[in-house]
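Paired with subunit B in one complex and with subunit C in the other, subunit A is shared by the two complexes that follow.
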Partner chain A sequence: MVQRLALHYVPGETFLHRWDPRCKLLGLPAIAAFSLTRDPIQLVIVSFTLAALAGAARLPPGLLLRPLRGWLWLLALVLVVQAYTAPEPGASMVSRLPVSAASLESAAITIWRLVLMLLFGILFTAVTRPAELRDALVRLLRPLPLVPEWRIALMAVLTLRLFTLVLDLAYEVRLANRARLADLSRSPVRRMRALVLPLARRALIRADDLALALAARGYREDLYLPPAPVAVADWLPLVVYAALMIGWRFWDLPAIDDLIHAGLRWAALICPGCF
Partner chain B sequence: MPLPLLKRIVLACLLAALTGVGAVIAIPIGPVPIVLTNLFVLLAGLLLGSRWAMAAMGLYLLVGALGFPVFAGAGGGMAHLIGPTGGYLFGFVVAGGLTGLIAETGNKRLTAQVIAVLLGSLAIYAIGVPWLKMATQMSWVKAIAVGALPFLPGDVVKAVAALSLARALKPILERQLGPAAA
Partner chain C sequence: MIAIDHLNYHYPDGTAALNGVSLRVADGEFVLICGANGSGKTTLIRHLNAILTPTSGTVRVNGLLATDHPIQVRRQVGMLFQDVDSQLIGETVREDVAFGPENLGLTGAELTLRVDWALTAMGLAHLADKPCYQLSGGEKRRVAIAGVLAVQPHTLIFDEPFSNLDYRGVQDTLRQLITLHRAGHTVIVTSHDVEKVIAQVDRVILMDRGELAAAGAPAAVLPLLDRHGVRPPCAYLAGIEAQPWFSA
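The block that comes next holds the complex of A and B.
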């Protein structure tokens, strides 16, 4: 379990690691929203941005792709369901499969978008230390009225503590059930009850002990967290990204094509042999 | 801080942790193993009431967003929240709150608790399926066929188990929090 937890954050000294977690937290939904486009040119640009960020973060090779294995079944399911549409009369078919070329292309774009969204999320977790993110959440929640930010931080820490404790308890209960042959019952409700009831009962007793221990140590919520204003340099990537998004939202798509073609023409002028 | 409030806080954390463990451990029933996440979402509503159940589920999402492996298949990170199945995760918060609200107003009556778990289970799909449809741009029929229908039989089993467990665990909670609070 410890190995599994450690896999999520990869220590480093890159710009992405040092970037204020509050800005990362605000930037992630913005990037995810941009990945919702179905235009292949924009998806290529987003893909290159992701590759550049992953390269800048100097993450171990394969780290971004390894967690995707858990999503493969869902992606495969979406691909099959999206591609397998009733063939329209006259639509060009792919080989002998009952799949039209248009529906296959649409399914491929959908998968591309989903993978991009997942990869941005994985990258975010890989370059953000959980404790930094917790403090960032406390600081982001602080201006909101009626939100006890320290209580939320305590609860997050307690949940992680209880999570590992309950995992251990679940392992013990499963071993006990196996010894009593309780896991061979044919009724699913009875099997669930045989696992969950002793687990929840023991966990409730441990939680009560934990609450008493916190009370005995005089837990209080008026602790001081030093203010840490976001540096201008940390805001800059967000501002540039927001300007790009707004610009592309209101420009016509051909303008983006023209921009890319102009860029390619300039590149051909600079490096005639390359194009 | 008063002890009853501290106990409520720890209980909400416990239900969030149990929901996370429920996503990791699976019970093999037939060819498909079923995870117990939804069971603990409903249990949180039945045991803690609407306000604290929503707090517990919000906490579950927060811990998952921090990158800890509490989401289905021992996954964690923002990818799960913004991905195609993120709607189901946000649905847990609504489901916990709705189950708790109906169970509270029903004053421990079995009929109210049955309605609470049924509507609570449906609330997860009410947010999860449109989210899946939007993320994958499937039609409604396909989104329901992929994102709801295969899981409904398992959810009925989990709803029955949640009811049975809530009735068994309520006396322990009443001893810990006092009969009026539980």
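The block that comes next holds the complex of A and C.
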């Protein structure tokens, strides 16, 4: 029984699914890296790019958003901690709350960046088969000396596998909790225990099974994976991306956010009431 | 009585797991829900105690709409999951069985009485203080049943109770089902393998690809099983009268 939501492969025939996994492995993080900024405009652009990519990959609606519900409490915690730390003296306060407007804004931006990173991870796993990811890692790491590429690739895939496994188990355990009236329990500690104990127990059992299954199926690290050259079309997005980056870095091309700011100013001129 | 009307359920990924299922289960009935793997048995029964919410359609338990009164419905309909390990919550047997009654607000002597009653009913009194993870598979299943009984539901649902059991395990489980049914509970069992219970149940419900393919007395549904991907019992294939796996 799988929840088939977060971190699962969603079969498809779109260009994102077909894009060579090696290029995907380099390309998506390159785009995701833009969410490291603290500039809200740039975050908006990254968010739209992400939404456009998810749309282009024809992912079922809700795939990106539903898993976030599970993270909400963690994100809320980050928000609270961030908002309460580092209030500069004399900063303007949010009405009656002991947090400054500036620290609240900075906390919100931190959350936004975290969420974007998570979503890029979900997007990547939705359009890449685990076996493709493994082979891509092996092929990418093979040229490096002294790197056990098979082991690293297997670790990466297994980590992902265990992660999805734990998410699936958590769904099952949550339903079982509900069936046993856990929703009536008023103590959050008790509710947490009711979730974590069975989850940990089942995850450990499954991890054991997985290790045994690997051994039983004759896992070995000296397999030969034939080289597979990356097609030109697959390289193209990366080349364009790199060219733009270098262009901005060395030749003073207008930065994206300058373009956007200029666009917004124009829009404000044309339609002053809109802003 | 449980009344299901025009039930549809789509999983969040878009899988249409139930399509227009309508069904009645009378009080005190012993019902088998069978169907091939993936035919929607688990999804269907998870609506009967409001742990899944219909995409459309309604589920009523004794007149209560499951979507509006999930807690009351869960008190009346207990569920045994296919994998007991997702269901066992407490550290020790006693702690686990107490989980449900505690949620109902029972404390002190009342709680102890209820837990002792459930433990005795499942023959677990001597294991009360044993950690759950040290139990055998059969014992774990009994703890799970005790945990559900302790809430005193009128209906008990078992999801694939015979999977991975040996001959003795199947007999024990059957004996438990029959005992619970005789005690007055409505009992609903799912299975992809009808052989083991068909001789005991009042009614068989056949699921196929999310739809209700047939429902009726075992003798009426038996001829349809093969067509819907369920293996008919050997006795039926051989043309002889079925021998129950367990006779009480």
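We take it that the second predicted complex is superposed on the first by the 148 of 275 C-alpha atoms of A that agree within 3 Å, B and C clash if a C-alpha of one lies under 4 Å from a C-alpha of the other, contacts with A are read in each partner's own complex, and residues count from 1 in each chain.
Quick note on the criterion: a contact is a pair of C-beta atoms (placed from the backbone, for glycine too) under 8 Å apart; a residue touches a chain by one contact, two chains touch by 3 or more.
For clarity, every value in this text was computed on a predicted model and none was experimentally measured.
**Student:** Which partner does A:R201 reach: the first (subunit B), the second (subunit C), both, or neither?
**Tutor:** both
**Student:** Which of the two partners, first being subunit B and second being subunit C, lies in contact with A:S103: first, second, both, or neither?
**Tutor:** Neither partner.
**Student:** Pick one for A:A156: touches subunit B only (first), subunit C only (second), both, or neither.
**Tutor:** A:A156 sits against subunit B, while subunit C stays out of touch.
**Student:** Once the shared chain is lined up, is A:T125 touching subunit B (first), subunit C (second), both, or neither of them?
**Tutor:** Only subunit B is touched by A:T125; subunit C is not.
**Student:** Which of the two, subunit B or subunit C, is in touch with more residues of subunit A?
**Tutor:** B
**Student:** Counting contacts the way the document defines them, which residues of subunit A are shared by the two interfaces, the one with subunit B and the one with subunit C?
**Tutor:** Comparing the two interfaces on subunit A, one with subunit B and one with subunit C, the shared residues are 4-5, 193, 197, 201, 205.
**Student:** Residue numbers of subunit A touching subunit B in their complex, please.
**Tutor:** 4-5, 8-9, 28-29, 32, 38, 67, 70-71, 74, 77-78, 81-82, 106, 110, 114, 117-122, 124-125, 128, 130, 133-134, 137, 151-152, 154-156, 158-160, 162-163, 165-167, 170, 174, 188-189, 191-193, 195-197, 199-201, 203-205, 207-208, 210-212, 214-215, 219-221
**Student:** Show me the residue ranges of subunit C that touch subunit A in the complex, using the header's touch definition.
**Tutor:** Per the stated touch rule, the residues are 11-15, 42, 46, 49, 51-52, 70-71, 74-75, 78-79, 81, 83, 85-91, 99-100, 102-105, 133, 147-148, 151.
**Student:** Would you mind writing out the residues of subunit B in touch with subunit A in their complex?
**Tutor:** Residues of subunit B touching subunit A: 1, 3, 6-7, 9-14, 16-18, 20-21, 24-25, 27, 29, 34, 36, 39, 43, 55, 59-60, 62-63, 65-70, 73-85, 135-138, 142, 145-146, 157-158, 160-161, 164-165, 168-169, 172-173, 176.
**Student:** Quick one: in the complex, what on subunit A touches subunit C?
**Tutor:** Interface residues on subunit A, with respect to subunit C: 1, 3-5, 10, 60, 62-63, 66, 169, 172-173, 175-185, 193-194, 197-198, 201-202, 205.
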